[in-house]
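This is the structure I have questions about; it appears just below.
Chain lettering (A, B, C, D and E) follows the sequence in which the chains are written, and residue indices restart at 1 in each chain.
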Amino acid sequence: MAGDKTTGIIFYHPDAAFYQSDAYAAIRDYAAGLPGVRSVIDGLEVDLSCLDTLASVIKKHDPARVVIAGVMPGLIKSAVARVLSETGKDPGNIRLVDWSVLHGLNGQWLELTKAMLASAVAGMMPEECLIPSRHPVHPDTLVIGGGIAGIQASLEVADAGRNVILVEKSGTIGGHMAMFDKTFPTLDCAACILTPKMVEVGQHSMIDLLTCTEVEAVTGVPGDYTVSLLKRARRVNLATCIGCGTCAEKCPRTAPSEFDALTTHRKAIYIPFPQAVPNKYLIDPAHCTYVENGKCGVCVKVCPVPDCINLDEKDQRTEIKVGNIIVATGFQVFDAARVPQYGYGKFPNVLTSLEFERLVNAAGPTGGNITFRSQDKKGNWIFKGDSDTPSRVGIIHCVGSRDENHHPYCSKVCCMYSLKLAHLVKEKLPQASVYEYFIDMRAFGKGYEEFYERIKEEGVHIIRGRTAKVEERNGKLMMRSEDILNDRLIEQEVDMVILAVGLEPREDAAALAASLGISRSNDGWFAETNRCLEPSTTFTGGISIAGVCQGPKDIPDTVAQASAAAARVLQSLVSGEIAGSIKAVGLQTVEDQIKNK
Amino acid sequence: MEEVKIGVYVCWCGTNIAKMVDVEEVAKEIGKYPNVVIARDYKYMCSDPGQELIINDIKKLGLNRVVVSACSPRIHELTFRKALEKAGLNPYLFEMANIREQDSWVHTDRVEATRKAKDLVRAALHKVLFHEPLSERTVEINPATLVIGGGIAGMSAALEIAGAGKKVYLVEKMESLGGMMARLDLTFPGLESARDNLQLTVARVMKDPNIEVYTNTVIRDIFGYVGNFECIISPNFKEDISLQFGNVVVATGLKTFDPSVIPEYKYGQLPDIYTSHEFEGMLTSGRIVRKDGRPPENVAIIHCVGSRNRNYHEYCSRVCCMTALKYANQLRSALPEANIFEIYADMRAMGKGCEELYSLSSRRKIMFLMFDQQGPLPVIRKAGSRDKCDYLITLQEKLSGQDIEVPADMVILMVGTEAREDAKEVAHQVGISMCGNAFFIEKHPKLDPVATTTNGVYIVGSCQGPKDIPDSISQARAAAARILGTIAQGSVTVEVTTANVNEELCCGCQTCIKVCPYTAISFKEEEKVSFVNEILCKGCGTCGSACPTGAITCRHFTDRQLINQIEGLMRMDVEPELKEV
Amino acid sequence: MENKPKLKLAVYWGAACGGCCVSVLDVHEALFDVIAAADLVFWPIALDFKYKDVEAMPDKHIDITLFNGAVRNSENENMARLLRQKSNILIAYGSCAHMGGIPGLANMYDKASLFRRVYIESESTVNENGTLPQPRYEVPEGVLTIPEFYNDVRTLDQVVPVDYYLPGCPPQTERLVEVFMAVVKGEALPPPGSVVGAREKTLCEECDRKKSDNKVIKKIYRPWEIYDDGETCFLEQGVICLGPATRGGCGARCIKGNSPCRGCYGPPSESIDPGAKMMSALATMIDAKEPEEVEKILEDLADPSGTFYRCSIPASLLRRKMIT
Amino acid sequence: MEFQPKIIAFLCNWCSYTGADLAGTSRIKYAPNIRVIRVMCSGRVDPTFVLKSFTEGADGVLICGCHPGDCHYHEGNYKCLRRYHLLVKYIEQMGIRPERLRLEWVSASEGKIFAEIVNEMVQTVKALGPSEVKTVVETLT
Amino acid sequence: MSQRVDQSLVREVEKFGKGSWNECFHCGNCTAICPLTEEGFLFPRKSYRAMQMGLKQTLASGLEPWLCYYCGDCSTSCPRDANPGETMMILRRYLTSVYDWTGLSKKFYTSHWWEFIFVLILAVIMVILFGFINPNPVDYTLTAEGSVRINAMFPIKWVELGDWAMAILVASLLISNILRMWYKTVIQDKSVKVSLFSYIREFYLLVVHFITQKRFSKCEDKNYWLSHWFLMTGYSIMFAVIVVWLPWFQTEKVYLWYEPQRLLGYYATFGLLFGLIVAGVGRIRKKGVKFRFSHISDWLFIVMLFLTTVTGILVHIFRINGMVEATYISYIVHMAVLVPMVIVEVPFSKWSHLAYRPFAVYFANLKKSGQPVKASVQS
């Protein structure tokens, strides 16, 4: 095969400037020199989106087989297939090489692109040639992030009798799911299903749970990683704290509660939420008077356990050795203040969905009563259980999502959680009217469409049309939208607006990706190796990704993916060896593989 | 029977309990009861010295029952059970009274709270008297796994397990592996080659020494339980083979909806109306042409065919929108001049990279027309001679509010997906259940999407509900993780506090059989009694209260224990006395 | 056998219909074995003994007393105490003595309302003065007494300790003979308090009807409301049958007569309440998830206590309707 | 002295017991008249236990389980629901006020709701006065 | 009656300007944010949609594009960068060509060459007419006040005659186009029937909207309205004085600064300059959405108007300062710019919106007050 020059390579890139780049010149030269390559066609010579010129060029070069390489080469695949079939060739002989999956792999990008090209020209899949080396594997596994993905992955590995170190940045595991009231579409209570899992993690003999801990740096090779951890001072001894709460009772300082999406206040020494795991107190150094100026120390005085609180505790750095790492760092919600036309931050009763999630939660600030925000004595806007309840609630979908001004991607879960929130309003306030404004209703999962129908039957007004703005008029909130399906313009007066904020990568995602050596896609989510076949592995061996940090997804998909990531870990632990990084496979190795075939 | 010696420990929990409950008084009063050998109060029972206290008492005083009255058993039951174990006592001879979360923390009257604490401890005392030693039970796991279905989900599961060096039997009904994915040309949203990816996977499966592939094979029967299943298969419909394995992965996939039942679309009546799956064939062959060989000038793609409509299937088939966008792009490049119409309902482009493909498609001059998939459906009819097209599709366009007609020379129907006809049979064979839509039901829709109520049986891919390739693969691997976990352990621990049938009492009325959500109870035809498979039982106890004869006891929550607990709670004024065991 | 002294046997009826006594007569040809082994020393329905005669007996003079009928009035109670004193083995014979039986249904009322109904309101009564029975009534000739009618019906063991229970309404005669012959032969006796003459297992075991796990109740039927196929389990046809929660031993005679079990043999040993287990089992079978649906199905069950406690109200945990 | 009723509560381990614990960890105060018995599932609650509670002198019985559809064991709470309805019918016939028996769905996050239910039930039962069952049964023995 | 969708319309409209035809996913944000849209006249989305789907008839009968004043809010907040505001602009060009029966409008908009050459020919004609055919020799004598005797050089009577001829030509073209607009939008819309009384009652709107452009002032940013209003009033005044009252305005006498001729002239000049500078600078800087995509026809209009104004100012300065040659040359240039501008822009191009806009408001109100024949949209 190497002898006959039968392969034509077509380079396709949506950005014409790319053809002028040095990188492209290097790729093109490499490709032209590959055995069996007859010709190279690219956008410099041919308008690839024009079928006629494509046809004439292909006819001129007359390749028996074609490799289309570049970014989303599938876009012109059918054109090439048509030309081939019209000239009597087999369109089955088209190979696609999409190097956009290598996005973010700066150093290795060129090498891997060449490797992919070489394998495709040789009629192989990159995966067949990019065979990573095998390494012995350290038996411990690091899981980063204690949300449902991290919990699931940890339990999966630990239940197989393998040691897991679960690192969580905040004071408790549970993540966003712990904040939710109900889960769609079955409406089971999030705490009922999550807290047993959290307790299980807390009590599992194979899980070493490190809260208030961050991953600082990762060195080493797959199977043998050294991870430096920064253990933030909790200032409360986890072993001796009995969770009595005397300290918090007496603590003079308050701060907004992260768990309640900042809608309530907690003390500077606090338990994130009553069902936190570990159910022990911690000190928020940003709001502790002692940490600020060395005065106070009330908590130490009232604590019934000797030496339990140590206000002078310092952050510590430790190093651990692990064989595998599962990244499950989740997401942060889009900051609704970035869409000024919705008046978030300006009107107290425009809330984000996460705030509403807390508000409607039986364990939330009002005990589940949906009430207006009101000002406390200090002037903070908070929720109180005895305030008035809204009689009209508007819900706006796609806040920050599907928006070129913010995030072009769809956050996947907002449609469904908005329907759920609409249901919860109806359930708690049967007399209230709910107006829900959507663009496309994405009720895709098992039982979701049925749920959508049910919500419609419950009398929620579901309107196709994005709300353009929320204004205050006569003390009421006014939502202006086009009701597209009914050819109307709606100015809906409501008392409360819920913004279905999208999901976005965490602020520290870039830094973490850099320290782990994994790549991120254009929108900032961690990138998988193969969009089709490998949803949870990365180009760095021994590092898997799970949950929303890879891209927005709902709970069942997150759980499945977390387990899938654990599967790869267990595979290495059971077999005793681990595959090295794909990105570390040299071009030479690939070429050798091709020769050997 | 040995004499019952009970130790009672009342925790102060610093001031948490002691502030509201007079713990010393509680201990003193409980100490008066017969069989109570020792009753102590202590600052922190859960602390190491607190646990030591219990261990020493067990050893020195020969305690054979322990009651700790402290916080919620959800927090420290396990801690104290471990302490008992350390002292050589069966951990189930222990009972906890919750006097913190459900007493001292929720009440304000010290006298009442103390009274309540006494009641709760007394109740625990009464209950623990009837506790029985229970032992952890484990089931050995046969490390081999059976995977039913050779589609991408089944293959992924097989590869993941085999990659750890464990045996997998992969059974496929059809002649070759690949399933639905084998029909695809490209995948969405990246427009990558489905064929290349599939061939890679198939090659890996075929090469893997740990995977035994049986194509053209049907499964005759499966029996057994987690860890120890057995099945009879007929490869190529020839002689039967028996396989033994510890876990089952069901990856039987789905089938496509038959659009000929929708009169409006005239599928099968007009020549150039194709299902999406037929159209994939055209894309693969590179020849997108009408039946008479001419390339179409107008192509219409109709979404939600058989989905999201109560007359057909109420659910959304999840993948059709994106597949349709993929087609639109492929059509655009193969037929640059053609008019392409997407007749859709809601554009469900929700996966990673999907919305981006939607907006890319939008830019490529594709006309998106919205219809109401629940309202009157678009109607396809033959066009007249002056219409310059073969068909006309009339519909009410929702975004413009206009009645329109769409010219078409070729119509692609985005057919939905539905459960396979043989789903019921498979469900019956492996003992799992199906939801109303005939998809298999997972153990928990949120937190256990691949396991089923039958231990050791996992459902992955589209047999659980429509899904795309990466989601199917995630599920497949999730099941693999679970299976590798059990294999790694070599055994699974099963619930200790299970139900148990007293065959002396069981009359064989079979009331209990249907009560069990885990099909753990079966009827032994010969003895005419019910039988609890304690490997499957999860210990909810519902059968115990459904049993009209009292033959079923629910370990650790027996009738006798609970009735005694009630008595203990209520009989506060009578002379302290405990019933003899 | 000849060498042994004959057993002394007594039969007494409390608040009873007489069926139990008839069941004793029903021994038929086995009567000869009984007569050969025992002397009947007291049996008001068949033999003319007076209370005095019993009182005159030394304690434990009687070997076996079959006490049938519930304790409804002072006479029943006095006789129960007397016979307990004079008997070695006191057997609660039949459902009434065992659990209160049909007379026990009167525990749904109190004495006053019963009297009102019986002596004043019932359609056949002419009692213009509204005279009610008086336990003591002085007439010139002296004081007339009749037994005092209690407010409640009690089981025998609620009055005196009972050695054995021989359930049934009436008990299967064969069971009586078996028990009797066992005593005669001097076989080891079961521990006191046991139910004898009945099985440990419940009735389904000896019921010949076809049973499956398909016990799903969408509607509750009275027996006359359906066409009974004579073969399928009553419960599976929607008819309440207490068989699963009632001891066997009767030979499923009701079922064979195409009538569902009413529970006269009482609950098996593990049940501390005679009806609760059956209520629980039956409710479990109801095929509904919404409270309204459940209520609707239960509408057809007009009289739970009469259904599940037909023969056992006094022996139930609640014992009687709360009338204060 | 004011009548202090005693109410026995059967709570399922997964939702309601956890919910009651949450009331504690959230320091929500409620009436001290409740005595909790933990069962794994509300489906375990046998009518016998309820009747036994009444005869032992309980003035009220509360059964709490997971919300419909949420049962940790799939459908145990539905079994409980059916038994509850039959039981209510029975005790009513036996002259016990149906308000003395209550079935509520309490999830793990509904600590506050649990406290409210308890308070409400204590109020109701207080208004009804002491249960007659024990007295009646006692006068019989 | 169902309309046939037609992808060729997009290609047709595309010739009038580059838009983002398919970006829109119809969320309705643009319509909802538009302060001018109202029940019955929902835009921009519906116009965008009609265009996207090729619903020619719907589009031609729609007044919506004229009701839009292009504040750009819709485009700024558009989640898909579909730029509905620019689409409305393009649709106005398209509609101008739809109303124009001569077909010249379409030629001018879709081909720059056509427009340039037409302008050039007219300019050359003007130069020839004034510079070469003019029989008068160059008159170097000045008036008593020392100003150039321009009316003698270019006989005012002839100029006035020409003025009138041009005005009548342009007006008749414009009026015929407006009639076509009326026919397409009011008469052909079978859903409403407008009574004669309505025509009379609503007529004031035409005047009011022409003078105040008050709809524009409903847009969020009031500055645009102000500068546009200055431009419009300046232009109108100038147009009126040079066409209708030319002999009164353009005399050899130099008026004192407070006399009406001078004041009107200065106001008009100021208005024109101010409006043109704002528009021009905005377009160069591409500040604000509405300036981001300038069509060549927009530029042409601005440039020609600017040149006309500047040359007019120069004529004025030169004349009163007695600079004879400069005055004559600048006057010829002035004419060579002004005439083609008026003939091209007024009936066929950008200028015509000055007429279509108030008429659109007028017609829209006619339709609103008209009797609905049947409910047009079901709800």
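As a convention for this text, a residue touches a chain if its C-beta (ideal position, glycine included) is under 8 Å from a C-beta of that chain, and two chains touch if they have at least 3 such contacts.
Everything numeric in this text was worked out from a predicted model, so none of it was measured.
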Shared chain contacts [chain D and chain E, defined touch]: A, B
Reaching chain E from chain A through chains that touch each other, fewest steps: 1
Any chain in contact with chain A as well as chain C: B, D
Winner on C-beta contact pairs when A-B is weighed against A-D: A-B
Mean-CA-position distance for chain E and chain B (Å): 68
Gap in Å, rounded to a whole number, between the CA centres of chain D and chain C: 33
Distance between the centres, which are taken as Cα means, of chain E and chain C, whole angstrom: 107
Sites on chain B at which at least two other chains make contact: 74, 347, 359, 399, 401, 515, 542, 545-546, 559, 563
Residue list for chain E, restricted to those that touch at least two other chains: 25-26, 80, 377
Residue list for chain C, restricted to those that touch at least two other chains: 271-272, 277, 280, 284
Chains grouped in pairs wherever the two touch, ordered by label: A-B, A-D, A-E, B-C, B-D, B-E, C-D
Complex contact set, residues of chain B against chain E: 339, 341, 347, 358-359, 362-370, 394, 397, 399-407
Contacting residues of chain B [partner chain C, same complex]: 502, 504-511, 513-515, 523, 528, 542, 545-551, 559, 563
Touching residues (chain side chain D, partner chain C) in the complex: 46-48, 51-52, 54-55, 68, 78-79, 81-83, 85-87, 89-91, 93-96, 132-133, 135-137, 140-141
Of chain C, residues touching chain D in the complex: 108, 152, 154, 158, 271-273, 275-277, 279-280, 282-284, 286, 288-289, 291, 294-295, 298, 301, 303-305, 308, 316-324
List of chain B residues in touch with chain A within their complex: 13-16, 44, 46-47, 74-75, 78, 156, 160, 163-166, 185-187, 189-197, 199-201, 203, 283-288, 307-308, 314-316, 318, 329-331, 333-334, 336, 346-356, 359, 372, 398-399, 401, 435, 439, 442, 444-450, 464-465, 469-471, 473-482, 484-489
